[in-house]
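Once you scroll down, you'll see the structures, which are given as C-alpha cells.
After this come two complexes, each holding chain A, first together with chain B and then together with chain C.
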Partner chain A sequence: MERYIYLILLPLGGAFIIAALNAAVKSRDTRDITSDIIANLITLAMAGIALTSFGINGSYSVGGWPVPLGINIAADGFSILMLATVNTIAFCATLYSINYMDQYTSKSHYYSLFLLMLTGMNGVLLSGDLFNLFVFIEIASISSYALVGFGTEAEELEASFKYMVMGGIASTFILLAVAILYSSFGVLNMANISQAISVSSQTPLLKFSLFLFIAAFSIKAAIIPFHAWLPDAHPAAPAPVSAMLSGVLIKTLGIYAMTRIIMNIFAADVSILAPLGIISIMLGVLLALGQTDMKRLFAYHSVSQVGYIILGISLGTPLGILGGLFHLVNHSIFKSLLFLNSGAVAYRLGTRELNEMGGLNKVMPITGGTSFIASLSIAGMPPFNGFFSKLIIILACVQSGHPGFALWAVAGSILTLSSFMKVQKFAFFGKLAEKHKQIKEAPLMMSISVVILAVLCIATSLLVLPKVKNIVLQPAVDAVLSGAGYAKIIR
Partner chain B sequence: MNDEKNISSGMSEVVKTVCNIVEGFIFVFGCYIVLYGQLSPGGGFAGGVILAAVFILIMLAFGKERVLKIMPRKRGAFIEALGALSFLAVAWAGLYVSGIFFKNFIPTTAASHFKLMSGGTILIYNIAIALKVMAGLFLVFFVLSITRVILEGDKLKMVKKQ
Partner chain C sequence: MIYVMCLALFVVGLYGICCKKNLIKIILGFIIMDYAVNLFIILIGYRKNGIAPILDKTMDVNKFALSSVDPMPQAIVLTAIVIGLAVTALMVAVCVRIYERYGTFDITKIRKLKG
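For the complex of A and B:
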C-alpha cells in the first residue's frame, strides 16, 4: 500500500469531518478547539508522511483498474520534493492559524476550506491523469477563491472576484487543452499521452494545446504579463492563507504543473519561458519597490522570485533545473515566513502600512528577528538558503552560455535587497512610535510557527551539500530531465 | 397592505396548490433516478439536482419559512458534509476489505433474465453524491436568496436580507 495516497485522503476526510462538526456542534468554543486540533493533527501527520517519502517512485491504480482504463496516482522525485515542501508549509500555516484566526468569526469553515485547498494541491502533485490534474487544480483554486474573500470586506471580495475571473479563464484553457489531447490520442493518462506524443508528428493542434497550457499555468503562477490578480489577492487573504498562496499554491498549480506538462508530457523546448522569467524578475521587483503596504510589497516579490524559478527551469540544463527547484523550495519557506510575520504585525498593530510602523524590534523581538532572517534569505545573503539557490541559477546561466540572463538575475537580486532594506528600516528598526509602546509579542503558536520557518531558512542551505542533495533535490532534477521517460513510472 | 403580506409569504393560491400536488411526485422521481442510476442513465448528481429542485420549488411557492422547517440551514450543511464523508468512507472501506482504494468490494452481477442486477458499491456512492448535491445546491440557492450587496458610502457591502 503506497502511503502517499493518504496525502490526498487525510485532508479530504478532515475537511468534511470539520464541516460536519461545524453543523452539528452548537457551542462556538468547542467547534473552534476541535477544528484546531483536527486540522493540526492532520497537517502534522501529512508533513510527517511527506518528509519521510523521499526516494519513493511508483504509481497506484485507483480502484484496481489497469492504467488506460482507470485513474492512476503517480509519485516520482519531483512530486515528492513538492509534497514535502507543501505539507511542511501547510503545517506551519495551520499552527499559526490557531491564534491568528481568532479574529475571524468562523474558524471551522476556514479549516475546512484550508484542508480542501491542501487536498487539491496534493492531488495536483500526485495525479498521473490529465483530467484529474484539472479537477484537483479546480478544487485547490475554488477553495482559494473562497479563502481570499474570507474576511468578506469590500476589498477582499473584489480581490477574490478578480482572482476568480482570472483563475476561471486559466481553468478553461486547461480544460480546452486537455480536450484537444484527448481528441488526438483517446487517452487521458499522462504517461500514455507522453508516449503517444513522442512517436507522433508535431501537428499544429498539439502546438496549440501546448500554448494553451503555457498561458493557463502562467496565469496560475502569476508570471508577468499574467500577474494582474496576484497583487490584489495575496494581500487580501488572511496571513496564513497568503503564506500558502504565495508560498506553495502558485508553485504547485503553476510551476509544477507547467514543468510536468512541458518537460515530461510534451518533452518540448522550455527556452521560450526564459524571457518571461527575466521580465517577471525585473518588473516584479521594480513594482515592489514603490509599495508601502507590507503584504502588497511581498506579493510583488512573489512575482519576481517566481521569475527566478522559471529562469532556472527554462535553461533546461541539469544545473539550471537544480537551481530552479532549489529556489522553489527556498522561496516557499522564506516567503511564507514573511507573510506570517506581516500577519503578526497586523495582528498587533491593526495596520499593514509601512509608514505607520517603526522600531518594532523593541516590542516584537521574535517577529523582528525572524523577518530579518527571511529578508536576508530573499535578498540572497550568505549563509541563508536564498543565496545558494540564486548562486546556482546565476552560475547555470553563465554555464549554459547566457551571461546576459545572469546580469539581469544579479540586478534583480540587488533591487530585492534594497526593497527589503526598506521594509526592515520602516517596520522593525528606527524609532518606536509612542502609541506602539504597549504592544506585545505575537501569541505563542504564531511565534513557534515563525521560529520553525526561520530555522528552516538556515537549515535548507544544507541542501547544497552533495550527500543531502542526492537524497532530496537530485531525484527531482532527474525526474524533470528524464523527459518522456516519465512514462516508465507506470507498471 | 394585505397584498404585501401575501407576497412575502409566497406566490398565489394556484401555484401553492399545484406545488402541493407535484412536490411528492418530483421527490419520488428524484429518488428513482438516484437508486436506478447504477444500472441506467441517471445517478447521484442528476437525482440530487431533482431532489434539490423540490426544496427550491417549496421555497419559491411558499416562502423560506416553510422550507426552513423541513431543512434548516445547519441540517443542510450537516447532510452535505455527511454525503461527502460517506462517499469517502465507502472508498476507504475498499482499502480495508480488498486492499485497494476505491475497490468495488460488493459483488456485482451482469444483466440476465430473472436475476437482481447490482452495480456493487456504485449504489452507495450514488446515494452519497445525491445527499451532497441535494443539500449543496439547496444551500447555494438559499444563501443567494438571503444575502444582498448594498452600497454603503462608496463601498459595497454584503448583508443578510431581513
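For the complex of A and C:
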C-alpha cells in the first residue's frame, strides 16, 4: 500500500522544491523552465501511479502507529477511481500550463500552489481519518482560493473573496461536525466511527452533525441553492485552474467526501438529495442559456452536470450509483476540455465574449474540433461518453420507480444541447471577423493536452463494456454500496 | 451552559458574515465563528480539576486515565488554529488588494460580478 503515500508526498515535496527554487534562482527564464519540468514530471508520475492502481485495495498506517491511535490512509475502489481521474486531469492541466501561464508573472508560484491543491485532493481521497480529511480539504481549498485570485484583477479578487467566505463557512461546519462526532465516540478514525454508528442509536446530536456535513459539502460541491460562488470563481481563475476546479475539485471536496461520509460512515438514506439534484440540473442549465461569457456559461453547466451526478448517487440503487460515478468521470474529462478550449480562445483572441467570436474553426481547427467533441459529449450525443452515463442515470431513475426524475433529466439534457449549439454557432462556426484573420492555432503543448482529453472523451465510452466496467467502475460502485462495510479494509 | 454560550458565539460569527456590509467586519465574523468551534473542541476534552496529560513513571496508568484531560482535542485545536490563521491571513491579503482596486470596503459597492 506504500504506493499511495507517494500520491501525497510527491506533489507536497514538489510544491516546496519549486517554492525554494523561486527564492534561489535569479533568472526568470531558468526559473520558469525548471518549474515547468519539475511540475510536469511529478504530475506525469502521479498519473502513472494512479492509473496502474486499479484493484489494489488496502490501508497503510502512517508512521507505523496502528489504528485507532495513528493516522491511516485507506484506498478502496471508490478512491482509486477518483485518484485516476484527478491525476489524469492534473497532468493535462500542467501540460497545458507550460504555454498558457506565460501570460502571467511568477509561474513558479502558480506551480507550487497547483501542486499543493493536488496534494490536498489526493489526501482527501486517501484519508481514512476524519480530522485528516478536514486538514486536506483545507489544504486544497486554501490553495484554490489563492489560485482563483491569481490574476489579481478587480473581478478575480472579488470572486476569490466570495469563494473564500463561502468555503470558510463550509470548512468551519465540517470542523464542528467532526468535533461533534469525536465527542460522541472518542475516535476520529472513519472505520471505527462507522462501526460505532452502526451499533448506536440515532441521537439528535448525530443527526445535527450529519446535517452540518451535508450543508458543508453541498457548498463545496456547489449544489443549488449553495452555488452562488461557483459562477464567479471558476471563470475568474486561469484556464487550467478552472479546468481543475470545475473538473475535479468540486467532485473531490464535494461529491466524494459527501458520498463517503453519508453512505459509508453514517450509512444514511440519501434520497433527500435527489430533489436538490433535479433543481441543480434545471436551474443550472437555464441560467447557462442566458450567458454570453464563454467561461461563465461553462461554469453554470458545471452546476447542472453536478446535479446529474448527485441525482444518480442519491437513487441509491447499484445502477444509479454506477451512472452517477460514470458521469463524474466523464464530466471531469469533457468539462476540463471545454475550459482548456475557452482558455486557448482567450489566449489568442484576448476575449471570452461569445458575441465577439465567430468562424474560429477556420483559424483554430484543433481547438474547434476538440470543443465540438466536448460539446457533443456534454450534451449526451452517441457515441461519446456523456451519452452512456446520462442514459444509465435515466434508466436507473425509471428502474427505481421515479419516472418523473427521468423526465427532468431528459429535459435538462435537451437544454444542455441547445446551449452548446449556441456556443458552437457563435464561437466556432459562422463568419470569421476581419480582425481575427491573422490568428494562429493554440501553441503546441496546449494543443497536445486538449487532444489527449478529446481522445479520452471517446475512449471512456468503452467503460460501458462489461469487461472494462468490472475492472474500473464496478469496484467503486461496490465500495459505495457496501455502506458500513467500509470498515473492513482497515486492518 | 457553557456549550450554549459556545453556540451563541458561533451564531454571532455567522450573523457577522451574513449581515455585515464591511469586508473587515465579515473577516471578524469569520474569526469569531472559527474560535467558537475551537472553544467547543477544547471543551470536549475538558475535565474539572483534571491534570495535564503527561504520563510520569511514578503514576499509575489507570488512575492517570481517570484524572487527566483528553490530549486529543488539544492536538486537534492546534492544527485548527493554524489553518484558521492561514485562511484569515489570505482573506486579509485579498481584502487589502480589493481596497487598492475599488477604494472601498463596502460590499454593496464591490459589484463587478453578477453572481
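Annotations for the structure displayed:
Rule of thumb we're sticking to: the second predicted complex is superposed on the first by the 490 of 491 C-alpha atoms of A that agree within 3 Å, B and C clash if a C-alpha of one lies under 4 Å from a C-alpha of the other, contacts with A are read in each partner's own complex, and residues count from 1 in each chain.
The rule is short, and it goes like this: contacts are C-beta pairs under 8 Å (C-beta built on N, C-alpha and C of every residue); 3 or more make two chains touch, one makes a residue touch a chain.
Since this is a predicted model, take the numbers as computed values, not measurements.
Contacts of A:Ala179 after superposition on the shared chain: chain C is touched, whereas chain B is not.
Shared-chain residue A:Gly63: touches chain B; no touch with chain C.
Of the two partner chains placed around the shared chain by superposition, chain B and chain C are both touched by A:Ala154. Of the two partner chains, chain B is the only one touched by A:Gly13; chain C is not.
In the superposition on chain A, A:Leu328 contacts neither chain B nor chain C. The wider contact with chain A, measured as residues touched, comes from C rather than the other of chain B and chain C. By the touch criterion stated above, A:Ala24 is placed in contact with chain B alone, chain C being left untouched. Of the two partner chains placed around the shared chain by superposition, chain C is the only one that A:Pro231 touches, whereas chain B remains out of contact.
Of the two partner chains placed by superposition, A:Leu212 touches none, neither chain B nor chain C. In the overlay built on the shared chain, the residue A:Tyr145 is in contact with chain C alone; chain B does not reach it.
In the three-chain superposition model, chain A touches both chain B and chain C at residues 152, 154, 157-158.
In the complex of the two chains, the chain C residues touching chain A come out as 10, 14, 17, 23, 26, 30, 33-34, 37, 40-41, 44, 72-73, 76, 79-80, 83, 86-87, 90-91, 94-95, 97-98, 101-102, 110, 112-115.
Residues 1, 5, 9, 12-13, 16-17, 19-20, 22-24, 60-64, 152, 154, 157-158 of chain A touch chain B in their complex. Of all residues in chain A, those touching chain C in their complex are 131, 135, 138, 142, 145-146, 149, 152-155, 157-162, 164-165, 168-169, 171-172, 175-176, 179, 182-183, 188, 228, 231-232. Put simply, chain B touches chain A in their complex at residues 74-75, 77-78, 80-82, 84-85, 88, 92, 94-95, 98-104, 155-158.
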